[in-house]
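Notes for the one structure printed next.
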């Protein structure tokens, strides 16, 4: 059956703005966002079901691509809230709206805190945006990217041009399709920075081999003196810290300086962690001003969308409860040993639970 | 972030069948259905939210089209369970898997019970499949289709070729894009069969003008003697009967023979009603054999996928509770009067609620 | 954060009905159904995810019970569309709105077509409603119910009183908590009717042992001459027939008369199948009148909510495509052999696809 | 139908941990989190549909309460991911897992940055947790709470005892059920701190009257010299900043010091904003150490779960893009004028989009 009746065109259109739009700075312009009433009822959604309990449905304007590679299912969709987005095995990887935040946070702290990164290795990072952030640094002479899934990389190259911005054709870049662990075991090369940007180690799947003590030992041996390893550090907040904290403990078996930072990535629906590991680099050695100067000198005033010195240092600052969990001992992640999360830690109701917090004596 | 780890290709593939597949009749062949494990986690869904309370998510392989016409939102998607499907304003209209059942049930009873249909009017029916069922009858010399939404019809013509099967280019067919009510008011023509195949009269929207006593009066005047009107009759079961029963009562203000029939349409997730109205035609005047003979003579043995004489007569047979609701008096649907459903009807627990049903005396 | 602002009470209430409500027959009364606007936004839903692709969300007013027994998860919820409903392992089992239809369809055909059922066995049927339908027959002297999950039965007894209607305390009933297969293997008793009312044989789980050739052989040996076995026959339509058809074939290895019937159960969102198997009973031997007379004589005019003779016979009448699939040879279900569904059967486009169906010569 | 088959008890239980659990500090203990496999398939969910496009389903163990007050729908549910949670009109308000973070962030910055808060007004805040944070300060002699919805407050009092911790019976507290705006218009009292903790101003609903220039003028007149107003500041990130930025601009019409801060609240699925407004208090005047000392002196070492001086100062630090949006001119919120969001602001691709960011000359 199909409509015959004279349905009205969309209600009365958008409400009129009862004010004059202020002028914008040079190089900026106004764009109307999608109108929920135009989207209509029903609709198409991409389901994120990576959480064991909760579900999130991203409403999409268009499903751009959907397939299964030898390694994973791939969905690329134009969402209403976050623009174009990439989903692997049902988990969002990055979105047009906030990929710049994610990729700047992943790549730039290590690059900016290293005195002069020259050789950089990216493991994973199929969208090409991590590579883009690396190649933004003129000091980088060679950027090697290793991703196991050729189909995903080719899809990203074609369908996510705003992510890689031409990084794949930069003469300093080389791209190999193989297992990142195998590459590290066989390469004679050493690097100033290694960035691990792979999918979460869900359910002890094969990605776990890129999260173990043995892997980090190997990575350390492929770093030059002064080299820095950075790892995408999974969801990370006081409400969801166990895998991140285990990663931090595991990295500490191989590196003397291991620091957790995080930021809220809107399309990830929460706070995302990162880990920077080395024997030399500590964020506490940097002031916001020093970082701002490094940004200006190395990247200029316009490259970064999000990072500033102060914002970056603030991202290393965690709340009391988060810091408590990070400091707790616990299991580390080993090859061939299933990672089983420890139980939750609860606290007996502290004395201060009476009002006021400090009673008068 | 994107995958690097060596995820295994799909588990171990489908399980081996522990038996030999039996041979098929001529003209049939085996096809593997989609494998849920291949679809992977997450996934893309079309949300059906026409029900005021419940939601249904159709999982889709591909979103074929999504837009907004001047009249409605249109989504065409390839679902896993029902093949390609058309959604208007978030409500499924028909699917590859079962459109033949819906359209045979809508068009064929009136056509087969009429002695020799020559001029047929279809109001709505944008997929072209109702037109197809009409044109299958050699006796039909002229089939006029009126649909208000040119964009939907053009989308169906291009993207749902298995629905219309070329009906739009049949020399007996003519297609007009206008309001069905206006057409009926202005046309001097009369018809043997009028088929109303328009969207549900949701929320007293503009489609309501194609469901009122005034509209049926008008339709009756455009029928030849012996003519038959058939109306898609909305969801219809003892659990959801109010709108259908009001339609039936409204039709009875204009016609002396009004009969409800229904069938379970899988992609509609329930039982769908139809109403056949005339002054001459009653299903009780037909035997299954007589209908089977009419089918063979008019359509041959292969045209219909679903209908048989016995199946068709069974579809007029309702359960006791459904029949009770159908027989109840109640409001009819009028121009310019909002249709407000009557309350639910409950029954005091009858005496038979004790066990056994008939107690011994 | 919590509301302070003076939100308006509910809009303007329900619209006024522009007509007088007709009087009702004795013993009936009007009840207002839930108002979607009252339910508000958001809301609580029970997810049915038994389908491998699609999801259905039942909106609920209240979650009455939720737990995990040793055998399955149990949810009892008050839904808006179907009243109170029971879900096991995420699959709806029965609802207030239509359990009478399901249970009458399951139990009554066998009981009514048997000349005088005296001893009846129910395997499964934890809600007690199948037992209720059995005990409605005064001829029944003994009804044995075997259910493996004591917790579910106790929950149903307490929370679904309208289902069992006191059947559990009928002196003719006895209830045992054990495996139905084990019971049949060990009992020396024989029965006139055996009703198998257990969960679907999802994923070759342990319920499969109640669906095999070996089980039906066993059941046959526990039937008296003239005895009848009836089995809840899973989802059944031309769009979803493989498991039902395999059941039918499997039953035919043990019984000479095996007949499929089905009805659309609203809360199951589609058409549900049943199978009646015996060596003596065929629905074709009964007229609608004969069945109506049996209903009147055995149950009186008020017991049944749905079944009539004509409706019951119509439920044995399937569409052409469904009947084709039912007639196809294929695998049967055996102990210790995983049931793997055959592939889909497709048909080459038949000659009749040109318009008109029968071309003139 | 109900289960008979011998379904296995839960697979093989949880995996054994291949390590010894480390000892915990005094007062802490281990608790097993819910096991997703125990939760089983299907399940019950609360739908958050406050976003115009996306949907979030919280899986719940139990639905504790569900009703409609004269002002809003109320759902209290025990979720798997966030413990007990309160939903109003389909939007989450606070959860057991992270209400401490939300309420500390809302109440403590103003209280700690004020030299000696004595009289405090809370508008909204029905859970009682904002009141709890206020009364934790011994300097507070009088805390007045105004909430319009008596039913919600009573439900919170009974069902969310861990939120209020007895605050409602503290002799310094008084609770009034009335409109917060009306209270402010009529009261002769003045306060050191006013905390506005009301639902979002969705769709220009009645809560909007608690977000306008006129309301803030009024609030300012009810503040003592040196007084501070704090407002829950809606979702706030570079991806969703328009309402927060309008609030900030509106507050600046009444106060000379207006500062935005935010934090990621896990159960809110993103970053939540707050605004502190006064003529005297700037976060830039405080060092982390000074704040830590104030915390210790006023609340002791155990009261706060989350806030530290450094964490609090970091929450005032926004990324470059967020800060840009906050600095933009735009509409302010007025009584009796619908708030219509300005369009999106886009930037022409800056010169730095070529690689490397700074090209060599």
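Per-chain numbering from 1; labels A, B, C and D assigned in written order.
Definition applied: a residue touches a chain if its C-beta (ideal position, glycine included) is under 8 Å from a C-beta of that chain, and two chains touch if they have at least 3 such contacts.
Since the structure is predicted, the reported quantities are computational estimates derived from the model, not experimental observations.
J.: Using direct touches as single steps, what is the fewest number of steps from subunit A over to subunit C?
T.: Minimal hop count between subunit A and subunit C: 2.
J.: List the centre-to-centre spacing of subunit C and subunit D in whole Å, with centres computed as mean CA coordinates.
T.: Whole-Å distance between the two chain centres: 48.
J.: Hey, how far is the Cα centre of subunit B from the one of subunit C, in Å?
T.: Going by mean C-alpha positions, subunit B sits 25 Å from subunit C.
J.: What positions in subunit C touch 2 or more of the other chains?
T.: Residues 39, 43, 45, 57 of subunit C each touch two or more of the other chains.
J.: Take each protein chain as a node, join two nodes whenever their chains touch, and name the resulting shape: line, ring, star, complete or other.
T.: ring
J.: Residue numbers of subunit A touching subunit B in their complex, please.
T.: Going through subunit A, the ones touching subunit B are 1-10, 38-50, 57, 60-63, 66, 68, 70-73, 75, 77, 86-91, 93-94, 102, 106, 123-127, 146-149, 152-153, 156, 179-180, 197-199, 205-210, 232.
J.: Sort out for me which residues of subunit D touch subunit A in the complex.
T.: Going by the criterion above, the answer is residues 14-19, 21-22, 24, 27-34, 36, 39, 43, 45, 51-59, 79-82, 97-98, 101, 132, 135-138, 140, 165-167, 170, 237-240, 263-264, 266-267, 269-271, 298-300, 302-308, 310-311, 313-315, 317-321, 328-331, 337-338, 340, 342-348, 350-360.
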